[in-house]
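Take a look at the structure below.
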Amino acid sequence: MFRQMIREFADKEVKPLAAEIDEQERFPMETVKKMAELGIFGIPLPTEYGGAGGDNIMYSIAVEELSRVCGTTGVVVSAHTSLCLAPIFEHGTEEQKRKYLPKLASGEWLGAFGLTEPNAGTDASAQQTTAVLEGDEWVLNGNKIFITNAGYAHVYVVFAMTDKSKGVKGISAFIVEADTPGFSVGKKELKLGIRGSATAELIFDNCRIPKDNLLGKLGGGFGIAMKTLDGGRVGIASQALGIAQGAMDETVRYTKERKQFGKSLSAFQNTQFQMADLQTKVEASRLLVRSAAFKKDMGQPYSADAAMAKLFAAETAMEVTTKAVQFHGGYGYTREYPVERMMRDAKITEIYEGTSEVQRMVIAGKLFK
Amino acid sequence: MKIVVCIKQVPDTTEIKINPVTGTLIREGVPSIMNPDDKGGLEMALRLKDKYGAEVTVITMGPPQADLVLREALAMGADKAILLTDRKFAGADTLATSNALAGAIRTLKWDLIIAGRQAIDGDTAQVGPQIAEHLDVPQISYVADLEWDNNRFVVKKETEEGYQRLAVAGPCLLTVLASGCKARYMNVRGIVEAYQKPVEIWGADRIEVDEEKLGLKGSPTRVAKAFTKGLKQAGEVFEVDAEEAVGIIISKLKEKFII
Amino acid sequence: MLVKKDYTGVYVFAEQREGVIQSVALELIGKARELADVLEEKVVAIFVGKDITNQCQTLIEHGADDVICVDRPELEFYLTEQYAQVVDQVVKAFRPSILLFGATTIGRDLAPRLSARLETGLTADCTKLEISETRELMMTRPAFGGNLMATIMCTEHRPQMSTVRPGVMQKMAADPNRKGTVIPFEPKFDTARFKVELLENVKEDKGMVDIAEAKILVSGGRGVGNQEGFDRLRDLADVLGAEVSSSRAMVDAGIIGHDRQVGQTGKTVRPDLYLALGISGAIQHLAGMEESDFIVAVNKDKFAPIFQVADLGIVGDVNKIVPLLTERLKGMLK
């Protein structure tokens, strides 16, 4: 019933806009409002904080179904839920939870996450943004780049060095609201895919936030970042899974319709075998994703599971969408059909929230520990 | 205000296809949905609830699987759900169905009953007015819009030539068109809670009606036979570009002296 | 215990609106005439309204033997309870064997109310009515969305009631010399039950011919997409002198009114040309249009069921083909 509801919403409200927001590189604010009404922005959050009281499996299904028709819409929800709502819920004080979670869950406020810097990508420990305590305020200085939902989010979970001498143990997490003086959003990136999503720079220029906006322990930021990204990977794996399934659905339809040499493409054994292999990989991704979500729900360690899910789902999405374009031939290369967009959207899933190489590092780390 | 909404789980008849060889219906894999007019009716009830506060009870008669359509109604915002299921209800025509539903509604407290105009599997539009008659309350059918004004329901009823505005005080029954109001989606939290709320399951012994009026026994009409219409021979189908397609259409229309 | 011989005659609820006899009333009288001739019984019209007595002869000319005329000021506009009381009293006084209604917003409101009051069966939207060898009424109607036909009988209850859609039966040519009897009937109203108040009766000049009467229909479905797509259909219809109609999807989406819907839940149409544009052809839609003389279907999905009933099928994008077709026809038909 839950999948049916999200699918119906996705088909009726999200799909018709997918090509347009991609073409215009426009953030789908109208869709965000509709999703807010449905309670999509607080799926795994308990009802006492205004959430839907669902779990990570439902959250994963929602991101998958949205991404099946529009990768942009999937990542808006994923970045908000996994990267902002989750860390505040998991590491916030009771006051922070009461203040931020209900408005985040209702969709009144959108959330974002600021970790990556020009010189701290995969090596997140090389943070150059600093936070200095002055009286009752933290003063933040520095830049964050490639921030999803930037400019549209109200709440940012941001990481900064509070004690450089301690290395990764000197990184702390903070909650920054968009209307804080000294905070601004810089230039918007022009991207290959997920072009409707807002990706921009965050600029902190003597940005003063209350002392109480420290999230978690002083120096505990790196741990929070890593833990948050574990959850984020479930979201991105779900997004990749959705993109892959969407491309499969389009290709099944097209190959049934399209005739060459007097018969449908789907009647050729080459088509059938290739498609069978691809759907098997999609289904394997689905199981990996759900397994990681289930372990998170059960409170079990799931870091390597999330990494495997994201690695496999992202690479599958890239393979499926590339082949989907191939099946569509010349038409697939045009914007008349959605598969070229799906191929462009799929690429990012191999990169953000830890590249495929980082996922392999995480998995190997577990293997050889 | 207490509102009872009658809903039905129906096969999505738009998904039913015809086997081109045998001419029979392909029923496998056809999803079950909440009947569209009933969903419009539920939406109207929920709008009254949003605006004035109301307790909305949904009721359906059907097999145990019809539980799903009630959960969907709960997830949209209904407060209570009742499933009438009993072998004694089986084989009911519209009159026996209306007797069962009326028998159940008799045991409830209510001010307004809303039913869909008709179900897409039967298309009879009979059960709503029949329930109203059994319960001896006024009915208005083909309702496209509903307001609550001065303790009366003021409704817009669609007619062939336009519309009528009619007023009626509760208790009464309205049958509603799906096009009257676009139904809301289920809410995520509603879905989670729908599985925590109980669906009451009632048998024939739980309702106030003479058992003779239920099921096959209570049905004055019988299906004497059912058959499929033969398919007509399909015409030619062309898969060509737009320019050529237009040419083909025009030459065919000329050939048939239509233009 | 039901004594069937106590119930005779084929009765028709002869619907009028503001004093105008509806075409469906005459169609039903035509059908009733055929049934009554087989049974060797009378055709009786139940004619209810205000200031209508002078029109009883029209019903007789079209085949009624008797007209039970209920002419009262309270009956100017149709209201369920008022009309139900009248017909209930007529049925109890005259005991018809068969009672037919038009499947209109009036007939489909009144007939079920009465069937519950009279505790008898009712079969909706019949497309065929026949008398069996045992002198029972066999009522055939589409079921399950339209492809399945079911013949329904009501052997242990009287009257045998059914509704029939407008346009399905044929009316008889009027015979000005036909003679019949007009029977005035005085109902006893239980006014305590009159609870619905008519505030306003609005006629919307929809500015369009009833689609059931149109010679050419330009009909759009889900594939047309949005309002803009539908406007393009109107352009095409203008060029062809046609009317626009649609499938259920467009009506549910609020793009077009219910009076334009073709199909089982809408209207049955039989134009000379039916252009099915972006309509996949769900069977309830097919049920409403497959009798059209010539059907042209345009749809993206070559497996769409509409192609099974189309005389000419085009696999393609309606939103490309329609403007082009409009353009070409404009040039030709000038």
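Each chain gets a letter, A, B and C, in the order it is written, and its residues are counted from 1.
By our rule, a residue touches a chain if its C-beta (ideal position, glycine included) is under 8 Å from a C-beta of that chain, and two chains touch if they have at least 3 such contacts.
Just so it is clear, the structure is predicted and the values come from calculations on it, not from any experiment.
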Q: Select, from B-C and A-C, the pair of chains that is joined by more C-beta pairs in contact.
A: B-C
Q: Report back the single chain whose CA centre is most distant from the CA centre of chain B.
A: A
Q) So which chain ends up in the middle if you average the CA atoms? A) B
Q) If you average the CA atoms of chain A and of chain B, how far apart do the two points sit, in angstrom? A) 40
**Q.** Distance from the mean Cα position of chain C to that of chain B, given in whole angstrom
**A.** 20
Q) Per the centroid of Cα atoms for each chain, what is the distance between chain A and chain C, given in Å? A) 55
**Q.** Residues within chain B bordering two or more other chains
**A.** 239
Q.
If I count partner chains per residue in chain C, which residues reach a count of at least 2?
A. 302, 315
**Q.** Per-residue overlap in chain A, given as positions that touch at least 2 other chains
**A.** none
Q | Touching residues (chain side chain A, partner chain C) in the complex | A | 256-257
Q. Across the complex, what residues on chain A touch chain B?
A. 1-2, 5, 8-9, 37-40, 42-43, 47, 51-54, 58, 62, 259
**Q.** Contact set on chain B toward chain C in their complex
**A.** 13-18, 20, 23, 25, 36, 93-95, 98, 118, 120-130, 132-134, 138-142, 154, 157-169, 172, 177-179, 182, 219-229, 231-232, 234-243, 245-246, 248-250, 252-253, 256, 258-259
Q) Which residues of chain C touch chain B in their complex? A) 17, 77, 80-81, 104-105, 108-109, 111-113, 115-117, 119-125, 138, 142-145, 147-157, 193, 195-204, 206, 216, 240, 248-249, 251-252, 254, 258-259, 264-265, 272-273, 280, 282-284, 290, 294-296, 298, 302, 305, 307-317, 320-321, 324-325, 328-329, 332-333
**Q.** Residues of chain B touching chain A in the complex
**A.** 68, 71-72, 75, 185-194, 239
